[in-house]
Amino acid sequence: MPHINVSGPKINELDKKRALTRALTDAAAAAYDMPRETIVVIINENSPENVSVGGQLIVDRTN
Amino acid sequence: MPHINVSGPKINELDKKRALTRALTDAAAAAYDMPRETIVVIINENSPENVSVGGQLIVDRTN
Amino acid sequence: MPHINVSGPKINELDKKRALTRALTDAAAAAYDMPRETIVVIINENSPENVSVGGQLIVDRTN
Amino acid sequence: MPHINVSGPKINELDKKRALTRALTDAAAAAYDMPRETIVVIINENSPENVSVGGQLIVDRTN
Amino acid sequence: MPHINVSGPKINELDKKRALTRALTDAAAAAYDMPRETIVVIINENSPENVSVGGQLIVDRTN
Amino acid sequence: MPHINVSGPKINELDKKRALTRALTDAAAAAYDMPRETIVVIINENSPENVSVGGQLIVDRTN
């Protein structure tokens, strides 16, 4: 029952979500030496209004 | 101030949310021996595109 | 694969953890109408030095 | 790479998000004695149907 | 009931934890316009073996 | 600033943590098309007394 939470910007293509969750699952199954079926991944998509780096919201970045 | 975060598929009926948060609160109040008023519950509803089990997105399940 | 994260003070008796996780699991299984086997619960135990309410650490409470 | 997750009701004004993330970043940079650029803040906005205090959903509060 | 989770390296001085939670609480109370008593902060202290940036564990950094 | 949180049993060998965080970082960098340096991974190690599946604590499993 390892559990992976990945938090980042919106991912628009379903294929990218497929590849991401597959790769994260493979990495965890290898590290924990547990069957892939036990690995759960949750993707959190954050709006650029709701994330800041260094105190600056992503939505306010000029480059 | 125990805090419960429950993450799962969308719950469509408000009454189910009421029953869920009530039951989780009761369980935590008993275990921690603290007043119910101190227990906060947050429900996170995940889209089937954003959760995988065994590397397969829920949206891709065929059964 | 609903997932419950419960965060609170240290629980010293294993039986209280058993009762807590059982009750949380029952509540989630009922709300999501999913088999109990799909429900994972994680207990996080926080030190009183690492939690504040209203800006006051639990370790500094005088009552 | 300190990471702050702040979870609460919806914040409607972007300026409040700016002020919040800036203040959280300043607080963390001072406590960890690390450059502001290393501090990431994520705001989670919860619907009043998805949060309970004392077993009562926020949406059901009558005052 | 806003909830702040701050995750970073170990903080050795209790006074730094006091200052951190106080400042985070003030920032959240102002942004949400809610009483300080409703704000809970949890500090998570991570070992340098358990955090990576750019795929490199903190414990492996050479500068 | 994508952020990955992986929660599972204790990992005893540092090399497994290195491999895990590297693989998770690669997967996220590819999916988000962002430089590896922006990806932070945190490993949470849970005691078998603090995790249940199907209402049974890991520590109570007989096989």
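By letter and in written order, the chains are A, B, C, D, E and F; residue numbering begins at 1 in each of them.
Assume contacts are C-beta pairs under 8 Å (C-beta built on N, C-alpha and C of every residue); 3 or more make two chains touch, one makes a residue touch a chain.
Note that the structure is predicted; figures quoted are calculated from it, not measured.
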| item | value |
| --- | --- |
| Neighbouring chains common to chain B and chain C, by label | A, E |
| Angle of the C-alpha superposing rotation, chain A to chain E, to the nearest 5 degrees | 180 |
| Interface with more contacting C-beta pairs, comparing A-F to A-D | A-F |
| Computed distance of Cα centres, chain F from chain E, in Å | 20 |
| Chain centre separation (chain D, chain E; CA means) in Å | 12 |
| Multi-chain contact sites of chain D, meaning residues that touch two or more partners | 1, 3, 7, 17, 26, 40, 42, 51, 53 |
| Touch-based graph of the chains, sorted into line, ring, star, complete or other | other |
| Those chain pairs that satisfy the touch definition | A-B, A-C, A-D, A-F, B-C, B-D, B-E, C-E, C-F, D-E, D-F, E-F |
| Touching residues on chain D, where the partner in the complex is chain A | 14, 17-18, 21-22, 25-26, 35-45 |
| Residue ranges of chain F in contact with chain D within the complex | 1, 3, 40, 42 |
| Partner chain D, residues of chain E touching it in the complex | 1-9, 11, 16-17, 19-20, 23-24, 26-28, 30-32, 51, 53 |
| Chain C-facing residues of chain F, complex | 7, 46, 49-57, 59-60 |
